[in-house]
Amino acid sequence: MESKHCIESLTIKTSRVFPNDINNHSTLFGGSLMSWIDDIASISAARHSRKPCVTASIDSIHFIQPITQKDSVCLESYVTWAGNTSMEVFVKVIAENLLSGERKIAATSFLTFVAFDVNGKPARVPKVIPESSEEKYLHETASVRADHRKERRQQSKELADYLKVEKPW
Amino acid sequence: MESKHCIESLTIKTSRVFPNDINNHSTLFGGSLMSWIDDIASISAARHSRKPCVTASIDSIHFIQPITQKDSVCLESYVTWAGNTSMEVFVKVIAENLLSGERKIAATSFLTFVAFDVNGKPARVPKVIPESSEEKYLHETASVRADHRKERRQQSKELADYLKVEKPW
Amino acid sequence: MESKHCIESLTIKTSRVFPNDINNHSTLFGGSLMSWIDDIASISAARHSRKPCVTASIDSIHFIQPITQKDSVCLESYVTWAGNTSMEVFVKVIAENLLSGERKIAATSFLTFVAFDVNGKPARVPKVIPESSEEKYLHETASVRADHRKERRQQSKELADYLKVEKPW
Amino acid sequence: MESKHCIESLTIKTSRVFPNDINNHSTLFGGSLMSWIDDIASISAARHSRKPCVTASIDSIHFIQPITQKDSVCLESYVTWAGNTSMEVFVKVIAENLLSGERKIAATSFLTFVAFDVNGKPARVPKVIPESSEEKYLHETASVRADHRKERRQQSKELADYLKVEKPW
Amino acid sequence: MESKHCIESLTIKTSRVFPNDINNHSTLFGGSLMSWIDDIASISAARHSRKPCVTASIDSIHFIQPITQKDSVCLESYVTWAGNTSMEVFVKVIAENLLSGERKIAATSFLTFVAFDVNGKPARVPKVIPESSEEKYLHETASVRADHRKERRQQSKELADYLKVEKPW
Amino acid sequence: MESKHCIESLTIKTSRVFPNDINNHSTLFGGSLMSWIDDIASISAARHSRKPCVTASIDSIHFIQPITQKDSVCLESYVTWAGNTSMEVFVKVIAENLLSGERKIAATSFLTFVAFDVNGKPARVPKVIPESSEEKYLHETASVRADHRKERRQQSKELADYLKVEKPW
């Protein structure tokens, strides 16, 4: 299985902000943005693996710039790193004021996806060859994020075991 | 400003899984779930603060159980901890097989919200009084998550400063 | 087949009111609310019967309090009474002003559902054991509503037979 | 204020049934249909009154024929009767099998609307002049439905007064 | 195969304009209107052919009157002409100011559809018998539009062959 | 007012095909695609003019390759030519089979937009400087399309004047 460049999974999605995406404070709902992030990242994962993929996790997201209805939102994503059957996808969220042209990073996000074969079993995926300095930086720091993520997944499972599900609703 | 109990911000949202929420692997899109998580958490934040609130961050989410179209999804959320103007909201996602009644924790999530006054400035919010053992556990561990989140927010801002936004799309 | 308590089919759905749910008079569309009512009631019917269920009828709904975009809408539903293969589900609609915390009953609704087996034939469902005074009141008055509903269904069928369907559109 | 004919408020809406409108039993969700019913009826009310209108009530609906994804749904509505500031709107729901052309009444519905002036106060609306035998039949029977509806509205308000709203969610 | 009258495929769809359908200039998005046009035209094609149909092309659309949120939009469509396996459908878009009752043609559109049999092969469709002067006019001018459309389809294919698809996104 | 390069208005939007976008023949609805085309083209027009823009027309669209649920859809758009207050936007629709990576032009489209100033009057927009051979080809052929479009707009207005709007629905 041949390795692939980041640019081969590059995916771009530019959207207007519609009234239903806006909260009472006149800024974009976090939930709308998270939905777009998962959507585009899943296409990057499919382009890298050429297999059906399922979201395994999403790292923390910090909304560092508000997005308003005057902005368009441009999301860029690509696979930064791949293990045997899983991939890390990076998503960059750029808010662009359509009247002034000013562009700002509104948030960034790292997601992991698992690829599956036709029998629903995890399937092997190509390795990643980073090229630009941004790609190299994100590729090299992937193992730190992976270690951290593994620890959080363990904590998340322990919390799930601790929690009760039998409340009456 | 009087403190409030967790149960005063408790919010519940049960939903069916619709065809448009399902990916090619026949499980719920991560993006649909994230959108519901933000929606319900923002109601908990409003109930605790009785002010307009905006999502500041969402911690990592690990999808530990797949959700299928046979399931209903029950989300429960409440405020676990509050600072001067910000709140941490916990969301528990329970998948219930509607035919068998089996219930499983599918994911958990912690979000932070900031409350605003009528002039758009951050506004003070009540402290939290935990009561049940679950509430106490989440309340006591909130400062560890807050420290961790602060560090990640800093990293997120540094990454945003490093990234370029002038690509032609 | 064992009987079930009302609380076993209790379902709760809290939602924000989005711009697309608002009519020109700045209040919630009746249609949006009716859609949520059917959604939650169908989950209660599934929880009581643990079978696929189809809406057979909805009693009249009176919108006794307007719902605005400042409110959240909390719907509660449970099965109040069951026959051999059909169930009556009660839905309570509570509008909550998110800034003041004031809660009002905005509407109530009774729906009937029929349960089906895997061959698409009506299937037996458990009887209902009411516990609270509200549940007992609604359980005891169910037969009056059932008689009334039967009469209206007959009228509805007679009206359908009387009406013409061949107009050119 | 001149009276108006039923045909002046006649409104027609034909729709395809989309995957998201279909329940697990492969028939149209009651909620989707109710949402379309309110949508079209509100246009009939606006055409009769030429004022902003708000849904006051919807009579019981009996789903007497299932609607599948092979069908188109044709809704017809018009104002059957008007008081000083309120109107009764009738909606006929016809399911048409698009491959065979067979058409069946799937449900009927009566809604009431109140018209408002620019200050948000109830506004006078024209009387109704029925012409066809169907219109005359529905116009003549309107007062029976109005009496019945008044009684149900009273019951609905009494039930709302009886119900508690302080449950913790 | 018997010929059919235009009125046999007549389809009408009246809709309100919702906040999400409105652009920043407070008029209806062209995209929402185009989506409704394709929806209703496909029902006309199905009614004429009583077969599954797929959109082959849509002629140019000129938005000659703006549509605002105070308007309802009424679309009328019918099959104007049929070849062996394809049909031309005409759609008339009428904007109606709900407060004044004023109605204006906002746009018109011609689409072509191909009918398919159960094996996915193009299937024969009935010829069209026009009756009204409008129907006759559109039927008689159909061959001019068909010639023109054929030429444009050829240009469209040549342009597609000329264009590159390998850009990195 | 300085002229702008095509690349300054380049906009890209990649989307998955969801179940609700699929017709009974298992291919993408023309209406969904047209809605996306208008959405992305309006962002290109805003990026070129940095003003609010409204769709004036869309040229004919020929669906030359079917799009299925296995595909992602990538739309690219940019302004090809500008007059005083109007712009022509070109949209290229590429269907990509996510499993095989095969990419095909599914359709192309030309739209025109008018820019407006704060008083709602048409506003001047920059001229276009084409660079690539594709851009030059589309820029040079723009005047032929403009002449043709003007003629069709005239025909469309004449047809609108000829048509009646007083039918009873």
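Note that the chains are named A, B, C, D, E and F in the order they appear, and that numbering of residues resets to 1 at the start of each chain.
Assume contacts are C-beta pairs under 8 Å (C-beta built on N, C-alpha and C of every residue); 3 or more make two chains touch, one makes a residue touch a chain.
Owing to the predicted nature of the structure, the values given are computational and were not obtained by experimental measurement.
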For chain B and chain C, chains touching each: A, D
Equivalent interface positions on chain D and chain F, same or different at half: different
Rotation, 0 to 180 degrees and nearest 5, that superposes chain A on copy chain F via CA atoms: 180
Selected pair, greater C-beta contact count between B-D and E-F: E-F
Centre distance in Å when chain A and chain D are each reduced to the mean of their C-alpha atoms: 45
Geometric centre distance via CA averages, chain C-chain A, whole Å: 39
Gap in Å, rounded to a whole number, between the CA centres of chain D and chain C: 17
Junction residues of chain C, two or more chains touched: 11-12, 14, 19-20, 24, 39, 42, 52, 169
Inter-chain touch pairs (all): A-B, A-C, A-E, A-F, B-C, B-D, B-F, C-D, C-E, D-E, D-F, E-F
Chain E-facing residues of chain A, complex: 7-8, 10-12, 18-20, 69-70
Complex contacts: residues of chain C adjacent to chain D: 12, 14, 23-25, 27, 29-32, 34-39, 42, 52-64, 66, 74, 76, 92, 94, 103-105, 107-108, 111, 116, 120, 134, 137, 149, 152-153, 156-157, 159-160, 162-167, 169
Interfacial residue positions of chain B with respect to chain C in the complex: 11-16, 39-40, 42-43, 46-47, 50-52, 72, 98-101
Interface residues, chain D side, partner chain B - complex: 19-20, 22, 24, 168-169
